[in-house]
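Once you've had a glance at the structure underneath, I'll fire off some questions.
The chains carry the letters A, B, C and D, assigned in the order they are written, with residues numbered from 1 in each.
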Amino acid sequence: MTAAHEINLEQVKARQKVVRIVVKVLLYAFLGFMALIVIFPFYWMIISSLKSLEEYRQAVPTFIPTKGWHFSNYAKAFTDGNLGALFWHTAYVGIVSTIISLVITVLAAFAFARLEFKGKNLLFGALLATMMIPGELFTITNYITVTRFGWLNTYTVLIVPFLVSVFYIYLLRQNFMQIPNELYLAAKVDGTSDLKYLWKVMIPLALPSLISITILKMMGAWNSYIWPRLVANDEAHRMITNGLRNAFTESTGDVNFPVQMAAVAIVSFPLFLVFIFLRKYIMKGVSRSGIKG
Amino acid sequence: MEGSKHSWKAWLYLLPVIILTLVFTVWPIINTIRIAFLKDYSMIGAMGGKTYEFGFANFSKVVTYKRFTTCLKNTVLLCVLTVPISTMLALLIAVCLNAIKPLQRLLQTIFFLPYVTNSIAIGMVFAAMFNMIGKPSSPDSVGIINNFLGIFGVAPINWINVGSEYWANLTVMVIYIVWNALPFKILVLLGGLQGVNKQYYEAAKVDGTSRVRTFWRITVPMLSPMLAYVLITGFIGGFKEYSSVVGVFGENMGPAGQKGALNTMVGFIYDSLSQNNQGRASAAALILFGIILVVTMINLYVSKKKVHY
Amino acid sequence: MKVVLQNLTKIFPSRNKKTPEEQVVAVNDFTFEIPDGKLVGLLGPSGCGKSTTLYMICGLQKPTGGSIFFGEDDVTHLEPEHRGVGLVFQNYALYPHMTVKQNILFPLQNMKKELMKEVDERREAMAAEQLAAFNAANGIEDAAADAAKVPVEVAAAAENVAAEGITAENAAEVTVAKPPVFRPKLPARQKMLKELMLDRAYMAARLVQIDNLMDRKPSELSGGQQQRVAIARALVKMPRVLLLDEPLSNLDARLRLQTREEIRRIQRETGITTVFVTHDQEEAMSISDLIVVMKLGVVQQTGKPQDIYDNPANLFVAKFLGTPPINVFDGEVKNGALYVGEDCLMKLPGIADQPVHVGIRPEGFVLDKNGPLHMELVNVEVMGRDMSVISKNAAAQTPTVRSIIDSDLRSEIGGETVSFSIKPNKIFVFHKETEERLY
Amino acid sequence: MKKILISLLLVFAMLSSLLLVACGGDTTTTPQNQTDNSNTPGGTEQPAIPTVDPADANFQVPASGFDTSKPVTITFYHTMGQNLNAVLDNYIAEFNKLFPNITIEWTQVGDYDDVRDQISTELLAGNQPNIAYCYPDHVALYNVAGAVAQLDALIASTMTVTHDDGTTETLGLTQEQIDDFIQGYYDEGRQFGDGFMYSLPFSKSTEVLYYNKTFFKEHNLSVPTTWDEMEALCQKILEIDDHCVPLGYDSEANWFITMCEQGKTPYTSATGEHFLFNTPENRAFVKRFSEWYAKGYVTTQGLYGAYTSGLFIEPDPTMTRSYMSIGSSAGATHQRPDRVDGEYPFEVGIAPIPQLDTNNKKVISQGPSVCIFNASDPQKVLASWLFVKYLTTNVEFQAEFSMVSGYVPVIKSVETNEAYANFLKSAENGNDGIAALSAKVCLDQEEYYYASPAFNGSSKARDEVGALLQKCLPLTGSNLEDQIEEAFEDAIDECEYFVTD
């Protein structure tokens, strides 16, 4: 082989090393920049919760609280907004509605994925269609319905209307469809009932998806605002977001934002923890669902 | 599977879903459709014994409304801009995240943060960043973004304050919506990426394929089912955009002095609802539902062609 | 292009940081030279490091130590794309969303620069032909003089044309002044490039006989067809080395034989240095010029299949090669003779007395009434041309011993016992502990 | 995917077919009482309130009167914050001493719009509360369903009610109690076009002019009483400090409506044609203020991007500041600068807002009223009435509530209350007594209050004129008048589009 080839090879190797470094730097720069953009509001929420009201209302926003770090806002948020009770109400509604809705979603997804019956696609198409209608229209009609049922100011009214989430049925159906049919037939042959099969085989396999659905559902309960205020805003059932909105308004209607932000931070923290621990499952859950569209 | 023998069981499993959907979704839809055809129907009015004539008056009133086209234009523009941008950005971030080992977990958690950040906080932040308090010329505060751009010698831009142009408002809205849509999309696409068989990439590497070609010719096609799924749900959500505009511009739905400049279709529905005109709100909602249905049909048709299973 | 591996080692760090010693030595000090144009089989049980070696050759894995040479070039730390390597995966890794044609064309689209060189060469040739024809048509006598000029003009013409910007006219001034102007008519370079790529693709497809499946999707093909598409994709860029990772393991029995022959034929026709990995010794033996038997990352023996079969370096190699497998007995060397149980099989001068493993190839047994080895008959399986005599012996390490005898001698077997004599070249003796070959 | 495509089409067809079936039935939820309450036509330009016969009211006091033995529970929706709830609880305890059988459950729903949205939905299912904070246009909305009790019969009732401790009170309002109410506030409950009384004023505020007293003394500037004086003053202030914005007027809607009232030009009417504000005079004053804005005399909360009080209390002279701020009298504490190392940077003075014509003084009356909803059980209405009467006529409550809330009492006799009297006296000691000073200025303007006509949609009119002014102020250019005219037409179209009787 001629020397020229030799140099060419060295050149290639050198260039290759440079390319690899440049790519690494670009990757981290891009991810770093995007991470900054994504985290800035979260950082601002925390910073605002540590500012005094005057400093917050200042025309020129400050990055770091100049007028003292007001950790008292967090204490005030917890006591004034009686976050303890609000927290318990929301958690209770979140957990109970998630459990029941999981059972319903699993059964429905199982039926859609495994069993053949007339009108299956029509029903599924109809369900998908409901996702397209803006939900604001349903609020009033549903309000009249729940009043007729006499559910006002109960946990039922906070839980029952939102048990069906088509989106999660779709997610789980995709997941179930990836489990080979032979397993189901084999189970049928040895006489295992549908439910046993569902419990023994399908649920363990779809566990990641189930967990990600649980988390996403819980977050839904956390952020709901209009419906809970309408149907169950009494002391015994008030949800977090309702509690927060007016717990810190002063007589003149001005909202004490820093304390409100402190309350919001306190509330978001558990969600954040839940995500950190179950991150792996969420990732797996969501990925398995989408492959076969 | 034997069809009929099993079907009663299937219906049994589906019973809870069907009952709940009938009561809390189907009946409201029917009621909405019914009301849509009653001219200026108001539930409070009905309580007071008023009667309403049947007909298409609501629909014609909605379509002939002076600002209907503005609302439609805003909705379509926001949708057409934010859904592709957020999907592509999410895909890029997901691919980069997938390509690095160190810090991957930390960055993944950071990118999920917006999902946990409360919407009130987001609105405040965007006001602080884009707001220009005080006279534009005064050094008081031209907002964080303008200060940041100032470093590069860019004159302060009037983003959302009085007298700001439409394109500036739109840019802020697009940034806000993309920022909100990113976490879920990254989650879904990153999950999808980890599902792709590694050997395709090894084969491409051996064939000397450049990173860009690998991205376009292998990663994107392999992820096409996920991308289609994200785009379709994105468009459905995009057409119902409203709370984000309220987040940035408040009930004014536009910069000071231009009330309703950024109003969307759902915003228009709310305007009618706030005046207790459920009839016209329902008509507008049905029109919006029709548009979303048509767009979704097109998306489904296009994705059937392009997506590889 | 010969491939030289010099004390190649690959160590995978242990899963958890706390226990570093749990590291896995996948390949341990592997030195071997793969001669140019030869088909080499890397053979060994699963987990013996054969695939890791393959991936190190192609660059997807970085070796921990040692180096790899393609001819004179040290490619150890070179990225796969610069090594000019074709790789076929065990489960083919065909891009599911592309048709067979697109799959095969895919590697070519990355080599546009090199292919363009070839296109230019072709264009030069075409320009030269047209010039010659032009001169002949216009009766220009001293063709030789023109010929002399030709290389200059044509080269110029080629550059001009290559540069695209220059029109054909100024090419003409350079050549014959007065007589009619010569203008080469050449199709656009891009079109020619496309044609070249298509030619190469169809050539590769014909080579593996799938040119009729070009527009199908991989999911529509059988395992064997997918395998051949994968090979075509690997060959189309005319790599310096072709690597195959267990190419036949996903095929059914009948297809495996047929595809084995195909691979052999393709390798012969292209004369490309090929390394393929398999755990099926029959497959390796049948088509490889050379085989390397590996165990737990360590090379046991290398050489021609028949040599290794006839002359195994240790008990592992002996046991690993050959179907039906070799029969192994517990034996003993006593004062220069080899005993299995009480039977003295043969003289073994020069080997110290010690317990040994005695390996006898199934075809090494000869029916002999007064043969030295006495076995208890269990069963006889007649398989057409030869038959398999299954017998038992206390000293055998396996419950039954299988020997292949010509079926015409069927009549001679009867009764409880049967005795054999052993062909001297079919018997091997191995050290008890080191299992190294003694005789 | 193909399957889903077809099913979606079928779904759409199914839904529309269902519609034809369902459209016959009309939800005939029977509301509590089915009286027709459409606004009686007529009513002049600034409608003089027609007199009505209490006997025609939609709630008549039962012969048996209020049964103090039977326990009754009533609900009260309001927007009071933490500190005001404490005051309310004390007085509920006092009230229960008189009527132990009445239990009062109050709920802080949110801000005023939240209260309206909540009730307008609860109405549909017939479980609205008994008493609620309200603004005139809220009541007009509830009246579409005839839900609000007309108070005339109750006010006129001469029946006596005996308290637990034996003392008695007349069920209705004595003439003396009626006269004690500030006339402007009291009439607010009766300007729905039909002359019936729908609400009692609860606690009020108005708009006042906060000004930088120290700065005014320094440059011996006098407090403007008319808009012309204000214009001249702004010019002078700009000459002194060209870096400032002399005047900050928080609410554009209040400014527009107040100018209509001060100039006696039409704004809206409760009956007949509702939206009348597109007149040459109105366009003129808008043009005038637009020129002010161009000269940098004034800014508003919408245009500035935050409360203009932020400008007013800005201590740092280098930053943009304002020396006058027109805002709610209840927000006095927010118009006071923070102490800078113990001292106030400047003293805040409060004065009535400028007028167009000093002998037709008008200033807006804001703050919540309370209304009572009809209920199937008349005892609930009676109990609610007694509680509302107690809160609005009890001098101690009105005094204490005003002092804590920064609002002003609705009855004149509160001045006799000794605690409130020395609260007012504290107005002298500078910024610390700013709330008291603000209350005093309100009390001086009592007879100048106006209330705009209330009808279902009057809140839309308010929003639109606010947006109209906000749009016109920054307008410039030669064709300013045409732009303003177009903006006015646009606002009228918007109102007429959305408001349908």
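Keep this in mind: contacts are C-beta pairs under 8 Å (C-beta built on N, C-alpha and C of every residue); 3 or more make two chains touch, one makes a residue touch a chain.
These figures come from a predicted structure and were not determined experimentally.
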item	value
Subunit D and subunit B - chains in contact with each	A
Pair joined by the larger number of C-beta contacts - B-C, A-C	B-C
Identity of the chain that, by mean CA position, is farthest from subunit C	D
Approximate Å spacing (C-alpha centroids) for the pair subunit B, subunit C	55
Rounded Å distance, subunit A centre to subunit C centre (Cα mean)	53
Geometric centre distance via CA averages, subunit D-subunit A, whole Å	40
CA centroid of subunit A to CA centroid of subunit B, Å	16
Of all residues in subunit B, the ones touching two or more other chains	29, 31, 43, 133-134, 140, 293, 296, 303
Sites on subunit C at which at least two other chains make contact	79, 82
Per-residue overlap in subunit D, given as positions that touch at least 2 other chains	1, 4, 8, 12, 15, 27, 29, 124, 306, 310-311, 319-320
Interchain pairs in contact, sorted by label	A-B, A-C, A-D, B-C, B-D
Of all residues in subunit C, those that touch subunit B in their complex	58-60, 79-82, 85-87, 89, 91, 93, 95-97, 106-107, 109-111, 233, 237
Sites on subunit A touched by subunit B in the complex	23, 27-28, 30-31, 34-35, 37-42, 44-45, 48, 59-61, 104, 107-108, 110-112, 114-118, 120, 123, 127, 129-134, 136-138, 140-142, 145, 160-161, 163-164, 167, 169, 194, 219, 223, 244, 257, 260-261, 264, 267-268, 271-272, 275-276, 279, 282-293
Subunit D-facing residues of subunit B, complex	29-31, 33-34, 37, 40, 42-51, 54, 61, 65-66, 131-135, 138, 140, 161-163, 252, 256-259, 271-272, 275-277, 293, 296-297, 300-301, 303-304
Touching residues (chain side subunit C, partner subunit A) in the complex	71-74, 77-79, 82
Subunit C partner contacts - residues on subunit A that touch it in the complex	1, 5-6, 9, 12-13, 16
